[in-house]
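Same chain, two partners: chain A is paired with chain B first, then with chain C.
Now for the complex of A and B:
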């Protein structure tokens, strides 16, 4: 799924979760009857995130990877309101940034993005699993680079880290699937 | 029961319940006068004006059927109105439940499919890195988990797009 679609779904989820019931608003991050709805900030952030991911899509399609990275860097530099959906969007943006940097050989930059993304999400979530997957790819690329440089020991260590990370990604996503299907009350 | 069959059952229940509910209370009030098998009106009912056309307090006309006792119809109507409202509310609640189930199932399957894609990519990369028996064992384990997850997702959600 494209990231902007995820952002849209999250935005719609916030809107759909809010139901005006007479004088109170239930299911919203701000359920204060008379106060200013604080979820406006979240909605604004998600809307901006959607625009910036769309911009990154366009730049990526036209071969402008630095432009795509720049759009996503603007997103992660924005003040992020405190909300689970915001954390997920930021984590997914970090994963996308890491993939873009990885594709251009910036392994250290990719690693930094993965680490920053992992700080946003914990537990068995798709976003955490995806970040671990990308980190595994970074270590895989690092192993190849060490082999090319004739550094066998470093290459072996990087490959071992890659396998462990990819294994962990598989386990996390397996749990995500189990949870999703259990929530759906299947079987 | 799979998600899709559960949803199907819920939607079918609503679809079957709604028409019954909507027709239920209307029947007694709009009941057509009985006619002989051939379809010709009976001498008693032929040309008779509808009951509502009689002004109250007028004597019954010779040759016309006597109207039913006035108290019976209104009290039956009140019961039917209450019953109708109750059945409409039940149908509405059932519809809401079915819709919520449908949305939840679609969302759960989207999440499962997305996770499955990531699992496939991770397994593919893991297995390309195999260089010794221990690595091969880990690759086999990941492939086994992937196959199992793929089967569960297919069983519950069908194909992922």
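Now for the complex of A and C:
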């Protein structure tokens, strides 16, 4: 009887874990849509995100990379409503921040942004694939830095991590493409 | 040949004991009392009972799992005539046909997301107002 009770508890746990309770993180078949109607709060966040990305464009084009980073940091620091599209926009912003920091040699800062972005998007999406790609580029740059510093072993390890991450990025992108084709294309 | 009347004249010891017990019963002996109580309170869990409980539990478990899975996969039944159908928050993955370029394009992506959701929001507001 004890074994049956254990099986019962395990099964109920699995079922409860996969039930959609409004979370925006995918992982179970029914995770999307999240169930919250698109409302003015979500729209306000998206509007602010749009403005700050365009501001970052203008600053980047005028050679003001720190200004661009500052604009995007404001965006990721904003209170964010719980919604799938908000998570994806924040993840994309983190990827952009990581690229900007990478371009200026701030590898640790870039890595932190990528990690924060990956926590926002767990399922196979272009957003996650892009973050993994950027993380691969960060590790590639780290490998180059180790080579320049004469640290061969560390360089080899960083290079292996870069290849692994870039391969993972490709796998995620392939999953997204396969799913889109199976669903009959994009909307 | 014995006379049958002789048998009736002599008292049968068992008959005498039964008659006496009916008229004036003795107390049970302590040992006999313990034996009877032990028999009465002994757990009687037969195999049949255990199997039937186990089978019922497994059936209930299977039914609950199936119900949960079907409920999640199927369209969520909403009240048919209570409130308008609203556009829900969801992944924007379907707005993009190709993987993102290695560098740039973030503003164009957020433009597209914001425009798509602005349209959803307008629809939701019209639906709430009953203007559709």
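Simple rule for what comes next: the second predicted complex is superposed on the first by the 146 of 187 C-alpha atoms of A that agree within 3 Å, B and C clash if a C-alpha of one lies under 4 Å from a C-alpha of the other, contacts with A are read in each partner's own complex, and residues count from 1 in each chain.
Here is the rule we use: a contact is a pair of C-beta atoms (placed from the backbone, for glycine too) under 8 Å apart; a residue touches a chain by one contact, two chains touch by 3 or more.
Computed from a predicted model, the values in this text were never measured in an experiment.
Of the two partner chains placed around the shared chain by superposition, chain B is the only one that A:163 touches, whereas chain C remains out of contact. Of the two partner chains, chain B and chain C are each touched by A:180. When the two complexes are superposed, the chain touching more residues of chain A, out of chain B and chain C, is C. Of the two partner chains placed by superposition, A:94 touches none, neither chain B nor chain C. Contacts of A:84 after superposition: chain C is touched, whereas chain B is not reached.
Of the two partner chains, neither chain B nor chain C is touched by A:120.
Once the two complexes are overlaid on the shared chain, A:53 sits against chain C while remaining clear of chain B.
After overlaying the two complexes on the shared chain, residue contacts for A:129 are found with chain B and with chain C alike.
Once both structures are placed on chain A, chain A residues 1, 126, 129-130, 133, 137, 173, 176-177, 180, 183, 185-187 are touched by chain B and, in the other complex, by chain C. Residues 1-3, 6, 104-105, 108-112, 114-116, 118-119, 121-123, 125-126, 129, 131, 135, 138, 141-142, 145-146, 149, 152-153, 155-157 of chain B are the ones that touch chain A when the two sit in their complex.
Of all residues in chain A, those touching chain B in their complex are 1, 126, 129-130, 132-133, 136-137, 140, 143, 159, 162-163, 166-167, 169-171, 173-174, 176-178, 180-181, 183-187. Residue ranges on chain A touching chain C, taken from their complex, read 1, 4, 7-8, 11-12, 15, 18-20, 24, 26, 28-30, 32-40, 42-43, 46-47, 49-50, 53-54, 56-57, 83-85, 88-89, 92-93, 95-96, 99, 123, 125-127, 129-130, 133, 137, 173, 176-177, 180, 183, 185-187. Of all residues in chain C, those touching chain A in their complex are 50, 53-54, 57-58, 61, 64-65, 68-69, 72-73, 86-97, 99-100, 102-103, 106-107, 109-111, 113-114, 117-118, 120-121, 124.
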